[in-house]
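Here's a structure for you.
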Amino acid sequence: MDRFDVSKAGILRELLHDAPLVRLAGAHDALGAKLVEATGFEGVWASSFELSAANCLPDLSLLSMTQYLQAAVAMNDAVSIPVVADCDSGFGGPLNVAHLVRQYERRGVAAVCIEDQVFPKVNSLAAVEHHLLPAEEFAHRIAVGKRVQQTKEFVVIARTEALVAGESVDEALHRARTYVDAGADAVLVHSNAASPAPVLEFAERWQSVVPIVIVPTTYPTLTAAEIQRAGIRMVIYANHGLRAAVRAMADALREMWEAGTSMPIEDRIASVDEIFGLEGMSSWLEIQE
Amino acid sequence: MDRFDVSKAGILRELLHDAPLVRLAGAHDALGAKLVEATGFEGVWASSFELSAANCLPDLSLLSMTQYLQAAVAMNDAVSIPVVADCDSGFGGPLNVAHLVRQYERRGVAAVCIEDQVFPKVNSLAAVEHHLLPAEEFAHRIAVGKRVQQTKEFVVIARTEALVAGESVDEALHRARTYVDAGADAVLVHSNAASPAPVLEFAERWQSVVPIVIVPTTYPTLTAAEIQRAGIRMVIYANHGLRAAVRAMADALREMWEAGTSMPIEDRIASVDEIFGLEGMSSWLEIQE
Amino acid sequence: MDRFDVSKAGILRELLHDAPLVRLAGAHDALGAKLVEATGFEGVWASSFELSAANCLPDLSLLSMTQYLQAAVAMNDAVSIPVVADCDSGFGGPLNVAHLVRQYERRGVAAVCIEDQVFPKVNSLAAVEHHLLPAEEFAHRIAVGKRVQQTKEFVVIARTEALVAGESVDEALHRARTYVDAGADAVLVHSNAASPAPVLEFAERWQSVVPIVIVPTTYPTLTAAEIQRAGIRMVIYANHGLRAAVRAMADALREMWEAGTSMPIEDRIASVDEIFGLEGMSSWLEIQE
Amino acid sequence: MDRFDVSKAGILRELLHDAPLVRLAGAHDALGAKLVEATGFEGVWASSFELSAANCLPDLSLLSMTQYLQAAVAMNDAVSIPVVADCDSGFGGPLNVAHLVRQYERRGVAAVCIEDQVFPKVNSLAAVEHHLLPAEEFAHRIAVGKRVQQTKEFVVIARTEALVAGESVDEALHRARTYVDAGADAVLVHSNAASPAPVLEFAERWQSVVPIVIVPTTYPTLTAAEIQRAGIRMVIYANHGLRAAVRAMADALREMWEAGTSMPIEDRIASVDEIFGLEGMSSWLEIQE
């Protein structure tokens, strides 16, 4: 965390309260984070889905906090916008939450997001049963996390998987309020429904200045303008970068394989010089002049 | 290195001598390696260019052997085809080469490739002067690497940057022969020319059973059929996956940003279920039944 | 895992069945493992207690599998005797156990030891309540781990904390048998009692060829000869190296601080040349001749 | 780097200029750093000698910056005193120095120390020839490092190995002055002589407010009082903790092996409760109350 990093958490906090809508996009490495920043997004979502996929392991709490933290730090080093780290269900119990808050805050990551699934978790979009912690138990973890935080700027987002687990909007609201009472700085209400209706109902009934966050992976028809009108303060496009990359890589590899040359794809892949530009090759070489 | 891994080096060795042409594609993480394997390529090139880019750092020997090794191991875990690790100029002097051979071999990576640029190196495609080690000095490093190898299968590829550094084909041939005399199992002759002429001349004048390897990034007009006819045994499409990914990610992010929704890109990105498929989500979930 | 590493698991398996008594000592880094080997011990215990302490974090499942695995691999690289990795309660649920078995086996570690405490665990010697998983649930984890194992040599040790949790020897025996039925290759019966009586009773009533392992930290009066006579096959001196090191470091630092020079301790610390000897400095320097 | 970490560099800077003498002791992990702090030392030396030894690898630039940085960060997390990181000869060329300064500063390490040996380096106490970079070339690296520093507090120490390489005090002074002109914040003059005479002569002839640092491993007769009187501002007891630990571990292991029990050593090793105390076990457990 450098001087700018302290203000990264501060910047995120300001955005959450003052911006019309804060938009984040997912990434899993420094290059992806750089592309997110270059596009104009206000923050980077250090995505558990993406990082698991990049490691060719399912998003089932198999990756460790060490791997998540290292990736988040690499992303944070590469950009000047805030990084929000997806920390699954907190990597264990209350003390694991304390440990993660200490580590992420100390490394300059602006925010962490922790969800109320039981550890080990299963990705929210996997077609299996999802198990929730009792609300009070998860609230306790949020409270423990907030208790060990060192700076006032650092942001802890509580994510409820109530809707994903088949619970009602009532239950989601109850849980979200419980987490806010425990100290959560924002609430992410996740849904795997094809319709935005549940999260819109949640937003309408929310009556609190604490910001709401959504991840509209399964209900992409909802636009940023509509999200903003609904009073939701942050939206995360959580995994589209990786999904675009996978399709493009698979296609490019297949065409090269079939053609026996890269000629067919040369005009639709980034040039080597573009990559050098993203890496800052020339500014690095200038340092030593 | 498990039982299968020992045979991975053995498989690579067989391919280099018996296959009409061995084709590799570059990757920098487990997912990329999986896509390379799924396409049909016979091996994965653990690319220094790609890994540097993924870390948003220029390919200037800034990443450490620890980072390269960790990435190569993650790729190797994800696939059943051999991984060839791009080890730049060997991370230092002769003892660093000994250290890397011991580490990569022990972790089950099938082969390492080391080049005769001075450490720290500059990416071969960067428009700067490239400095070569004296041939004898580099040959010594190859000899040291071969000396500490534990299994007979492990493959050490010597890469000459003579053409990249502006030297003649004569010099490239002289260097390659010196490295073979020192024990190299294969020779990668790199070129940044827009024409395949220099590497074709090299191949024509090479009179040895030791396999030649090329990386036709700057001369993509040369086809696999032509490469095979020239007697070259291995071709590496070193960085096209990452370059395809960057273009696709940049485009997808921009369209989402502008549209305020992911709707415009939904039909040309991989679905969440495709990602689960690549990760083996369902077979993982079945393990615990 | 190199060729020798496959046989490391095989060697451990042979020792467990044929040696009068197998003795291990704990370590947390490569140097400690080297000292354990140099002393004559037949194996290294990659100790969770030690590694947590070395990281100045309590042994409460705060360290991740990544950190444990990396340490075990570093130790395994440094010695030719088998390494047995203390894997706490398995880092999560059944799939975490599958993941750890795959990773440790693939990296050449001879054995893993998993205990039936709930994750996150608390060190067995901490004066707090210890929570056990239901026996069937833990047995399922053992079964899952054995199911994904690739080689027949790899060893999975099931550790029961029944006595630590205040349960009876009957319960410990019941649990141990359940774990053996699930596929465990050996059983570690842990006790924090000041008397060896409970583990001796356990051993007397055990009636199975599956080897028993003990860790006599709290009952050091029990000698190797007595352990062997009791039919116990493996004993682990789990953390004495680190505890000796801490006392010696604290004393040495204090004396240097007070004396304003290292003179008072020079004759009772290892010389620089001894350290060079342990590292193999001269054999490394010879490689490049 | 948290708020306190920024002041750690500031605190070190103040100490270097205002304290009668700043005393550091070497460590290689968090626990060692904690013991150094607990003894009263004003800072921790993240020792390359110690870390190499802990990895059972000779101090020959085999470990990577990744490994050094990770260890320094773990030490820094564990203490509230400044950590000074031994960065060998800078891990490569000028850009590697730029990279290390950026990384260490950003992670909250108070200072880095870089020496004028050629990369890869050989430990200063090894009985081999030591090769120096030309003074201007090393000065350029210092200048590059200072150029990329973000905060004014961060400290870059230039270490000259002139005396170790058999050069005169004149040459050492010339080099040190050149490095100060390039921006070094302090100068470490290293010597492997059995007598303190060379460094004392250096100190006497140094006529500059820029602090001098020494590492009296080979001339331990020189006391802190004498060092202070000579106008030297910082002294580093670089590796005595590890050397004390090695002797103690070797002795303890041997006695346990021979006695077949830990009884003979129980009264001279730290108790389990002492280890829990160092780790903060009870304060961690209280967090979740």
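In this document, chain identifiers A, B, C and D correspond to the written order of the chains, with residue numbering beginning at 1 in each.
Going forward, a residue touches a chain if its C-beta (ideal position, glycine included) is under 8 Å from a C-beta of that chain, and two chains touch if they have at least 3 such contacts.
None of these values were measured; they are calculated from a predicted model.
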item: Homomeric contact subunit B-subunit D: same or different residue positions, threshold half; value: same
item: Contact-richer chain pair [C-D vs B-C]; value: C-D
item: Averaged-CA centre spacing for the pair subunit C and subunit B, given as whole angstrom; value: 38
item: For subunit B paired with subunit D, centre-to-centre distance based on mean C-alpha positions, whole Å; value: 37
item: Separation of mean Cα positions, subunit D and subunit C [Å, integer]; value: 32
item: Subunit C residues counted as touching two or more neighbouring chains; value: 57, 60, 62, 77, 93, 95, 284-285
item: Parts of subunit C lying in touch with subunit A, wherever the complex brings them together; value: 57, 60-62, 64-67, 91-93, 95-96, 99, 119-120
item: In the complex, subunit A residues that touch subunit D; value: 1-3, 5-6, 77, 93-95, 98, 105-108, 140, 144, 147-148, 150-151, 284-285, 287-288
item: Touch list for subunit B against partner subunit A, complex; value: 23, 25, 29-36, 38-41, 49, 52-60, 62, 74, 77-78, 122-123, 125-126, 128, 216-217, 220-225, 237, 239-254, 256-257, 259-263, 265-266, 268-272, 274-276, 278-281, 284-285
